[in-house]
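What follows is a short report on a single structure.
Every chain is named by a letter (A, B and C) in the order it is written, and numbering of its residues begins at 1.
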Amino acid sequence: MSEYLTSSDFMILMIKIIVIFGGVMGALVYLTWIERKVMARVQMRPGPTRVGPFGLLQPIADGLKFLFKEDVVPANANRFLYIAAPVVSLIPALLSFSVIPFGPWLQVTDLSVGLLFIFAITSLGVYGIVLGGWASNSKYPLMGAMRSSAQMISYELSLTLSVVGVLMIANTLSLNQLVMSQQRTWLGFIPRWNIFLQPVAFLIYVVSAVAETNRLPFDLAESEQELVAGWHTEYSSLKFAMFMLAEYANMVTVSALATIMFFGGWSGPLVGPHWLKAALPTFWFVSKIFLFIFFYVLLRSTIPRFRYDQLMNFGWKVLLPLSLANILATSFVVAIS
Amino acid sequence: MNLATINIAAILPTLVLSVVGIVVMVAEPFVGEQKKSNLGWLAFAGTLAAMLSLVPMANNRGQWYSNLWIVDDYDVFLDFIFLLIAAITILTSMDFLRREELNHPEFYSLLLFATAGMLMMAASNELVMVFLGLEILSIATYVMAGFRRADLKSNESALKYFLLGSFSSAFFLYGIALIFGATGSTNLLAIADALRSSKIQISLVSLSAALILIALCFKVAVAPFHVWTPDVYEGAPTPVTGFMSVGPKAAGFAVLFRVFLTAFPSIEDRWGSAIWMVAALTMILGNVIAVVQPNIKRMLAYSSIAHAGYVAVAFAATSDRGVSAALFYLLAYSLMNLGAFAMVTIISRKEDKLVNVTDYAGLGSKRPGLAAVLSLFMLSLAGVPGTAGFAGKFFIFRAALESRLVWLAIIGVVTTVISFYYYLSVIVQMYMREPHDEFSDVRLCGSLKFALVISAAGTLYLGLLPTRVLDWTTTAALR
Amino acid sequence: MLELILFYTFGAIAVISGILVITRHNVVHSAAFLGATLFAVAGIFLTLHAEFVAGVQVIVYVGGILVLFVFVIMLIAVERSVHERQYNKQWTIALITSAILIVEIAYGLYRGRDSLVLPAVVPPAAAAAGGNSEQVGTALYTSYLLPFEIASILLLVAIVGAVVLSKKRTPAEE
């Protein structure tokens, strides 16, 4: 045990963890800036401009503001669960980064059941919302929490099922091998990405992923116009910041998964000198994720919110049958070929 | 990668039942409100088709699906009993459901699935498979017991059965886990081999055998695991009570015989005495408490406990003769008890409320035909010569005496005499009490008549000419 | 050695949380402890190198079934359950019989501890070669094909039963 702690393997692992989590945390903070800036442009506003050039220091100012705000716990709240909820939200959201391959070597650990691990971990995120909403002992949070639990259960099914088609083609649950299975090309220039093989699965995945992260047009759990701020109405200060962070982390996770499963992960053209070849995969991966995030923000700023019954009907009567049909069709094709 | 050899014929009856169950459910929205009873006939046709498919199944004897599924004469005979039970129950419930305005065809689906579960239990050669069949049967029965959703008693019945049933399932699972730990297998033959060959600590094996025994004793409702029976039987809709008193009981005994005589014969000295005590206690408790029941459903509940005691006597004999007597008795008991419950369904009338023994007063003078048929079932349950009940008890006590279980046979005979009191008191009510009811609203429609004819004819046939069926059970008991 | 420690830790968490599930008055706390129990069981699967089963355990039980429990709990008045009597008068008898049962089982297990032939834990290397998920899949589609299919009937029965009991009552039933 102690030998391992001093070995170079351990040191490399530690460096990987620091690089990945440091990078991810920084990126998460700046996602708020991206979101505000893009949304502002869509709505013909300049967005944050005052703090730093292009408002680039705005996230830091926000962070400081969160830090100095008064930390309120409602009088009749269930104190323990109220405080635990943001933690329960954030930890699973961050844990999933431990298996995501940011590059051929930039991955904390390659589990043989990495995909399953991510689904297991992200399925816990709902507890933060539900417990937070319940523990606040206030009506809007409770309604938000209930909506959210029903919604996440419903869309988790199609989310998980949409992936099965990809798994049948790739034959593995390991995220790194999923990327490896998409390395080849057709005709020498079309990348052999799963999106071309599983377009239906991709559509289902994207829609359910948006619903799973409680983002517009599926943000029924917080819908400002009806429920003030949904499950985190009563939260303030750093606890609120943790909820925000968890939401952005979940966005990054589902985007990263989409990239890995449908867009070849870190694969991309490798050119230039040795050091560039080593860094490019990570660059491709992050760029692809960024495109997804951009898409997310565009969605938020353009599409109105679903009504609750529409949301449920869509999940159970359209997405679920569609994903089952996709599995059936894929299994036929796989069985024949 | 080899896929398992698929033999459709070996599972054909189960398959037929499951498919018809699904068809009934899917067909429901397309059938008009008035024609929903036709789905009952569809389900009935399904049981007949399953009975016919016993023939190709019987031609595929042996072990299938990686030795998980076994087809032998024992299995075929029990499947026949199960399908007969399902058919008669469907006939009894069609009119009942219409009368109580509970005409949801899901009832038939659940019944067919429950029957499929019983077939699986009889054909399983593996404990996990037994568990799956047992759970399919149990879950379907829990729901059927609570089918009168607006009735508190029905709810109570379903809830009690569900809670205690889940509890007993836990015992069963723990037993499976321990025997898997001890022998490394859940296959009955593999367990038997392991117990014969290696030096496995006997306490571990008898512990798991005890846990499995407890769970199955609960399912077949023998003392001291019978306490749930009267409440559950009383609250459930009467045709369902009829089904519960024979179906799960027969299936439970099917598994008991198969598991203990196949997997645990080498430790018989451990469980033999337990069965002896269970049998004696069940016969005494069931028959004595039945005497004081004013409610006929509760009376028949205790009577069903007592009859389980007689089958347990056959089990305690642990001989081929015992198994064959038990099989015969299960068939005879199923016919006469289903007949009796069909009569209770008729007399209880709207709301299923007239279920006291005194409600039968004067039935003999007002509706002599019905009274005669009910008398036949009561006499047969009591074990009067010339009826199926007598033949069944005779074979069981003979098997007990051959296995030197003299005391059990004596207790059996004495308790049978006690049972005459409460069975005959129904007949006394019908023929020797003044009617305080015209029985003018007693309706008897075709399906119920059919059910009564089948069970009455079967009861008489088994009573008067038992040899052919006995020959069949004798071959079925040979392993 | 490490695996043994992990096994006992997870086992202890599972058992203690399991007891707390049924003894807490507040149902929300019960649900939280149930979550802990299910997690600990997933941990036990991990110590046996059954990664696939562990993952499925968390997804299905913690991420699915327990969420539905919590959903229902939020609809009921938790305050009432806190003040309600939790056991009926038979609790002493029940406690004594359960204690006897536990002693019996413990004795049986203790006497038979040497003959518990648990199948050897698949070492990680072999699991990586064959693949844990692949092994589960192969077993389900070859030797356990029939029970696998039968389990679907079991689920169907449970679905039908739940729908039958909860669907809207007809006017005649009111």
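As a working rule, a contact is a pair of C-beta atoms (placed from the backbone, for glycine too) under 8 Å apart; a residue touches a chain by one contact, two chains touch by 3 or more.
What you see is a predicted model; the values in this text were computed from it and never measured.
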item: Chain nearest the overall C-alpha centroid of the shown protein atoms; value: C
item: Most remote chain, CA-based centroid, reference being chain B; value: A
item: Of B-C and A-C, whichever chain pair has more C-beta contact pairs; value: B-C
item: Whole-Å separation of chain centres (CA-atom averages), chain A against chain B; value: 54
item: Whole-Å gap separating chain B and chain C, where each centre is the average of the chain's CA atoms; value: 30
item: Whole-Å gap separating chain A and chain C, where each centre is the average of the chain's CA atoms; value: 29
item: Sites on chain A touched by chain C in the complex; value: 78, 81, 111-113, 116-117, 119-121, 123-124, 126-127, 130-131, 134, 142, 145-146, 149-150, 152-153, 156, 160, 172-173
item: Contact set on chain C toward chain B in their complex; value: 104-105, 107-109, 111-119, 138, 141-147, 150-151, 153-154, 156-158, 160-161, 163-165, 169-170, 172-174
item: Residues of chain C that touch chain A when the two form their complex; value: 28, 32, 35, 51-52, 55-56, 58-59, 62-64, 67-68, 70-71, 74-75, 127-128, 131-133
item: Contact set on chain B toward chain C in their complex; value: 1-4, 6, 11, 18, 22, 25, 65-66, 68-69, 101-102, 104, 106, 109-110, 113-114, 116-117, 120, 126, 128-129, 132-133, 135-136, 139-140, 142-143, 146-147, 149-150, 158, 178, 181-184, 198-207
